[in-house]
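Encoded as structure tokens, here's the structure I'll be asking about.
As written, the chain order gives the labels A, B, C, D and E, with residue 1 at the start of each chain.
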Amino acid sequence: MGVLNIVKNDRGGQIMLGVLLVITILVPLLNLFVPETNPLHVPTYTVTLMGKYLTLALLAVAVDLVWGYLGILTLGHGAFFALGGYAMGMYLMRQIGDRGVYGNPELPDFMVFLDWQELPWFWQGFDQFWFAAIMIMLVPGVLAFIFGWLAFRSRVSGVYLSIITQAMTYALMLAFYRNEMGFGGNNGLTDFKDLVGFSLQEDTTRIGLFVLSAVALAVGYLICRHLMNSRLGRVCIAVRDAESRARFMGYRVENVKLWIFVISAMLAGVAGALYVPQVGIINPNEFSPINSIEIVVWVAVGGRATLYGAVIGALLINYAKTYFTAELPDVWLFALGGIFVLVTLLLPKGVTGFVAGLKQHKEVSA
Amino acid sequence: MLKIEGLNQYYGQSHTLWDVDLHIPEGQCTVLMGRNGVGKTTLLQCIMGHQAVKSGSMMLDGADLLKASVEQRPRVGIGYVPQGRQIFPLLSVEENLQVGLPVRARNDRKIPEYIFELFPVLAEMMHRRGGDLSGGQQQQLAIGRALVVNPKLLILDEPTEGIQPNVVTEIGDIIRKLNREMGLTVLLVEQKLPFARKVGDRFCILDRGRHVAEGEMEALDDKLVAQYLTV
Amino acid sequence: MSKAFDNKSRGLDLLVETSHPRTSEILQLLSDSQLYYHKKDKRLFIITHYVTGKVAKDLQGNEQVIKKKRDFKKVTLNNKMRGQINRIQAELGLNADNPQQREAAVRDLLKDITPGTVATLKTRFLIEESKNVREMINIALAINDLKSSDDVLLSNAIEQLDGSLEQESRSALVAFVSTAQSPLLKKQAQIALKGIEDKVQYYGWLETLYFGLSLGSVLVLAGIGLAITFGVMGVINMAHGELIMIGAYTTYVIQLLMPDHIEWSILVAIPAAFVVSGLVGIAIERGVIRFLYGRPLETLLATFGISLILQQAVRSLFSPLNRSVETPDWMSGLIQINPVFSLTLSRLYIILFCLVVFVALLLVLKKTALGLQVRAVSQNRAMARSMGIRSNRVDALTFGLGSGVAGIAGVALSQLTNVGPNMGQAYIIDSFMVVVFGGVGNLWGTLVAGLSLGVANKVLEPWAGAVLAKVLMLIFIILFIQKRPRGLFPQRGRAAEG
Amino acid sequence: EETIKVGILHSLSGTMAISETTLKDTMLMLIDEQNAKGGLLGKKLEAVVVDPASNWPLFAEKARELVSKEKVDAVFGCWTSVSRKSVLPVFEETNSLLFYPVQYEGEESSKNVFYTGAAPNQQAVPAVDYLMDQGVERWVLAGTDYVYPRTTNKILEAYLKAKGVAAEDIMVNYTPFGHSDWQSIVSDIKKFGSTGKKTAVVSTINGDANVPFYKELGSQGVAASDIPVVAFSVGEEELSGIDTGPLVGHLAAWNYFMSVDSEANDEFIDSWQTYIKNEDRVTNDPMEAHYLGFKMWVEAVKKSGTTEPAIVQDSIIGVSVPNLTGGYATMMPNHHITKPVLIGEIQDDGQFEVVWNTAGTVAGDAWSDFLEGSKDLISDWRAPLSCGNYNVKTAKCSGQNF
Amino acid sequence: MSIISAFEQAVDRNHVYPFLVPKQAPKLDVSHNVLLYLEDITVSFDGFKAINNLNLYINDGELRCIIGPNGAGKTTMMDIITGKTQPDSGSAWFGQTINLLEMDEPAIAQAGIGRKFQKPTIFEELTVWENLELAMADDRNVWSILNARINSEQSSMLLETIELIGLQANTKMLAGKLSHGQKQWLEIGMLLMQKPRLLLVDEPVAGMTHQEMDRTAELLSSLAGRHSVVVVEHDMDFVRNLAGKDRTVTVLHQGSVLSEGSMNKVQQDPKVVEVYLGE
């Protein structure tokens, strides 16, 4: 089977996908069919939380694709995530219809009270799910295409590229903060009611979103793995390590970079779109440069250029955040900062690199 | 002068140097030879401290070299011309030379004139960035730079690689001059037999990480060459 | 409530009418809020420091020790009264000894010229010796004359006001143009007005340039430490902002330590911040970064962690609130070049300070042995060590230098903005932007990038607004990097490619 | 032993920690005090503190954690409107209670949220009235570019125009969050204010941007007697981080000042400074709002004999507790409370001197009378209406899920 | 262009914008038997003329040795041919039809010019096998490399090459771990896999033993005929061996041709002896 073929030589991926599969089946069962009093019951709160983690893991995979394999340290991937999120948010806003506080069937509440008279053109069409679904991929993809087309063609690389990706997300953040942009400014888009007819407050909808996130992560992972298994993947590594040599060999480095970048941006967009209905808000803060840096940090913690490392890093750090902010609310930054420092010093190849190292060590000494 | 005994070195799991013994007599020019990939550069890197040594001893004039840190080794009198030159690309030629000055005696911290006499091209290119020089020019700069630290032992890793013939001859002459007239002990890694024969007093052959032969240069006969230096 | 203020205000007028010799002293006390009254006997007291145990003097000079915190109450003012006091002081100031004071007094009077002031000014004019004050009085009188209907008087007044940049002159001329009867005079006034407008516009550009340079200096100061730790050493130092923050907190602590010498505290804070941030930098380098050379991307991860730790450390140590850092008197205020153009002193000092720091750093890197060693190590660590450079020491010193400079930037920023746990975050993005835009590894690039981004931002701001101006700057940077993929001052030649 | 859990949802890290940490401490103090008085309904109160880290999605996550996992009976929290908007669906879905202590733009009335900070009619509009009274004719509306300033300024613009102020006498300016270079804007304000007409700045500038703004006012020599600035987001806490010397006379409009002379206030200040072990710590308006919200909740719980949110929601309406300025605060049917409006001038010790106040208290208005879309809306959570946004023209309660 | 015609063009669905037309190099035409023309090329760096009015013609199938002092401009000349450096003036044509100065590096490589660098550059994080696979002549657009599979013909070619360069034992080793000399061989192997029409080989035998040099010479000679080969080398034994009696040797000096002709002729040229050979 095709899927099995893709992960044939990928132990880490096999394990990761296996665990994901088990969780995806088990968690909904434990939520729906085990009574709340039973210790095995998984509360909806946890399901949603896990769903959120999975979307972030998909985002991390997208970053690993360009950073780990192509060597592009992107400090702006949060922008693609946020754009996907906004596209979904716009759809969800339009779904509110006349159930908003002002009862305007056409305009979202924030437009009503800022006295907007009609829906801006870029909001048109978002009442249709299929349109929004296309935009979720298309908007980040097109931005990545334009950005990448300019940057890669001019051979911007290294920190220069990193910083302009950062400038891109920073500019978008500032722009989206402007109320005139028509995306709700700082308050962003909230108060979502339902998604293709399912109420977002229903447990079943939440479970559906969780399962969808898991599927998206698995599919995203397989796509990336498939790409990297191919010769294209090896060209990526070649570009990462000796870009000009690859050029002298006849590879159009800018095209390779461009397409991988675009694919990665679209994956990030999908992640954002699944994230938004689960957390219930999208706001310009998602564009903030620090967010994008954090994503890179997840990947580094998990281990670069492995893909499953990105998943592990994202889950680990985000779980740590949830845990620390509740258990150590006053000092948790010490703990999180400490983790980052220690991982770098003690596990230079991230958690997965460490595990792989352990295994190798065992094999050798055995 | 330099006495290495029972040296073992690993790259991760792979054992690269096996019980290598090497004696460099004072005042002589020893040529280290061997096929590609047998570990010549690795051995030199051990001497310079860039590679960790698993076991064995390394004494310079009776002092334990293994105890010295990398940056102390030039201070005890080792000048190093690495394979691939390793010029500081963004420093000017002059600055490349000045880098070694702090190693020199406090009252003598300027670039010795004789370096420019040996390599006039360096004086010509004084203010050009090291990285912009052609390969051959960089090689000359690398030798000049190693001389700035006033070494007793000069270590050169394939210094003729990529150098025009008359300069190769010149470098040969210079090495000889440094060796014979200025009393510098020289350890030279070289693949080109004629050149090795011309400048070397002694030879020393590595094969697959082991020390397999050594002796006076005259003793390097066709048999040895055929056995260890041809493919 | 406002009734009470109205009564006080009437009291002031009465006080002036009596022309009591101590009027101006009392006004001064009032505006310095040193006048108190005893809650019980309602007598007035002068209190310089309202602390129990200190003395309160009544107006006759009798002293009384403050026993309880609630015994006395300050004689409060509202803004209306402050305005009133200013005005009265201005009129009184007309006879001050200092000509500058007199000029300021006349200028204050321009705001509202009544027949009474005209008379006072005319009398003053007769005995006034200072040319500037006479000029100012002339302007005041001319403004008054614009209300007359005598053509000659009007024409002279317009001539007098021609070139005067006082806002009142302009308003008077504008008012005159809109009501003028004689077309000839109207024309004359229009020409005068045009001349003034041109001048104002010219100074407007100068002002924009000044604002831009001063914003630019802040950017340069914030970025220049990073130009060393990141630009030269290649450490993606996400904790740079926090090192700035540490410098700012050092300033705060120094002020706490020398509360009676706030004037000099800044001068002490500069070396102190350099040392404190420098030491923290050295600690970071020795503790973490030195294990990461050759793995630049991982420095991002580790220093990001360090920045979180430092932020939280400051929050735990100093509380999450902003700290108040005072501006010494010699740094506050402005140099009034003319009524439409002035230079704020604090900004001027910061521009100068930025240049001094820049030159000092340039000399260190270009002219000292340390500078050469730093560059050698950053280009080829192994080879540098083989040439006898103690790379450990060089790394620690360099990182310490960059961090110390960040600390110095913190001192400067403490004069302009928040000193709080978040301040580092506010500058880190801009700092990277400046360093990269200028060309990594090039100090000149950082200077030019910072200043030009500052000026461009200030040129854009008036017509685009602060938010859009910033967005446009970022887009500009993105597009500029397409044209010059290695910044303003790129490393050129073969060396840069290999 | 069973306890009554109270959730505290304030950022302790990130950009908002600067404001919100104090509110967390205030809540801990209030809960301590209540426990010292024997707790509530015979049970001890237990505070559950989490850190949403100034991250809006995290607010929603933490809110859900508090309500679903920790099963708290009421949550006190949020500062920014966006954080409130983010958690709102969670509270509505779980039908639990949030007490929100910060002045905000209005235009909201949720069944599950109690707004103990000021609505625009309790802060902005009276402040403008005061300045008009002082002879101000030209207005600069300067704010951070987000919903609260935008809405407030929209209301004020409509209000000023209704009072006959010409359009050219109003200058509106927005800046990004954390804006730090105010040179051009202050210079523009100076120019705008130098036409001879009395000018004032109405500032809805938020948080960290204030310090550089006031510093710039100081260094460009804009004195309060020339161009006063009245701020709605600058309180004692913010002033404690600024050198107030050059700011004397600038204004703020709030519903509480630390300097207010009242016994309740003295007591509150004392217990706060004792609790936080720092004699220099100041109190501020949002702290009072939490104080009021907490007292009201306690009263309501006592009244209904249960902490069950669904019941407390009803019983709290009409509850009246003494405020710290010597009057009473009452929870209105629209979930806003009654407050006095005070205008204070900054003193050089970082305190405000009250220069004006409303005669009595003003009830918070959820829906502004000065906005086109909302002037027909009213909110009343009592039966039978039970609606947060009832349109009196169409006689409809716009579709909400409950 | 008027607005109207621009508009008409915009709505004309058959109009093809020039920037959308894929840049396709014209077919290589060597009807005059000359494969490479370099005419009047000049390059300067910060005022320093590295190449000065250089003229050079390489015939189809020729093996040309280029020698010259360090800094003569040999590497820079290769940089120009492969599109790395743009000359200040002059022209460079590949056959009759392909203007090299209008093309970028990948286009030039795809047109059939392969290059080995002076400093061996290989992909350190890929294995020897993968290095060679990537170098292998094949379709290079993104879609094709995504779907590329190695067929049996290609596979045997890879194996042959690996044997030729003597890295059988290192097939699965990361290339970064090879020794200097091994890297040289690998890079030669990669060049062969690329099957270029013109091979530019910059100092291929640096760091090789004498015997390896002979093998390399043999290899390069065997390529001549089907391919054109330009070799830059300082090792005179190697050059003599390679050039034999009748191949042309060009001597560059200070950016232009100092002498050209058979090895014997060049060796005897006193100018060449003075600036280059010595003795």
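Here is the rule we go by: a residue touches a chain if its C-beta (ideal position, glycine included) is under 8 Å from a C-beta of that chain, and two chains touch if they have at least 3 such contacts.
Keep in mind that what you see is a predicted model, and the values were worked out from it rather than measured.
Contact with subunit A and subunit D alike is made by C.
With steps allowed only between chains in touch, the distance from subunit B over to subunit D comes to 2.
Path length between subunit A and subunit E in the chain contact graph, taken as the least number of steps between touching chains: 1.
When chain centres are set by their Cα atoms, the one at the greatest distance from subunit B is D. When every chain is reduced to the mean of its C-alpha atoms, the one closest to the centre of the whole protein set is A. Centres computed as Cα averages put subunit B at a distance of 32 Å from subunit E. Centroid to centroid, with C-alpha atoms defining each point, subunit D and subunit E lie 72 Å apart.
Our note on geometry: subunit A versus subunit B, Cα centroid distance of 53 Å, whole angstroms.
Shared interface positions of subunit B, i.e. residues touching 2 or more other chains, are given as 132.
With touch defined as above, residues shared between interfaces to two or more other chains in subunit C number as follows: 311-312, 425, 467, 470, 493, 498. Counting only residues that touch two or more partner chains, subunit E has 45, 119.
Those residues of subunit E that touch subunit A in the shared complex are 82, 84, 104-106, 109-110, 114-115, 117, 121-126, 130, 133-135, 140-142, 145-148, 190, 194.
On subunit C, the positions that touch subunit A within their shared complex are 236, 238, 288, 291-292, 295, 297-298, 300-302, 304-309, 311-313, 316, 425, 429, 432-433, 436-437, 440, 467-468, 470-471, 474-475, 477-479, 481-483, 485-487, 497. Here subunit C touches subunit B in the complex through residues 369, 372-373, 375-376, 379-380, 382-391, 441, 491, 493-496, 498, going by the rule given at the top.
On the side of subunit B, the complex with subunit C involves touching residues 48-50, 70-75, 80, 82, 86, 88-91, 95, 98-103, 129-132, 145, 148-149. The part of subunit A that touches subunit D in the complex is made up of residues 43-45, 48-49, 52, 97-104, 110, 112-115, 174, 177-179, 184-188, 190-193, 199-201, 275, 279-281, 283, 285, 321-322, 325-326, 329-330, 332-333.
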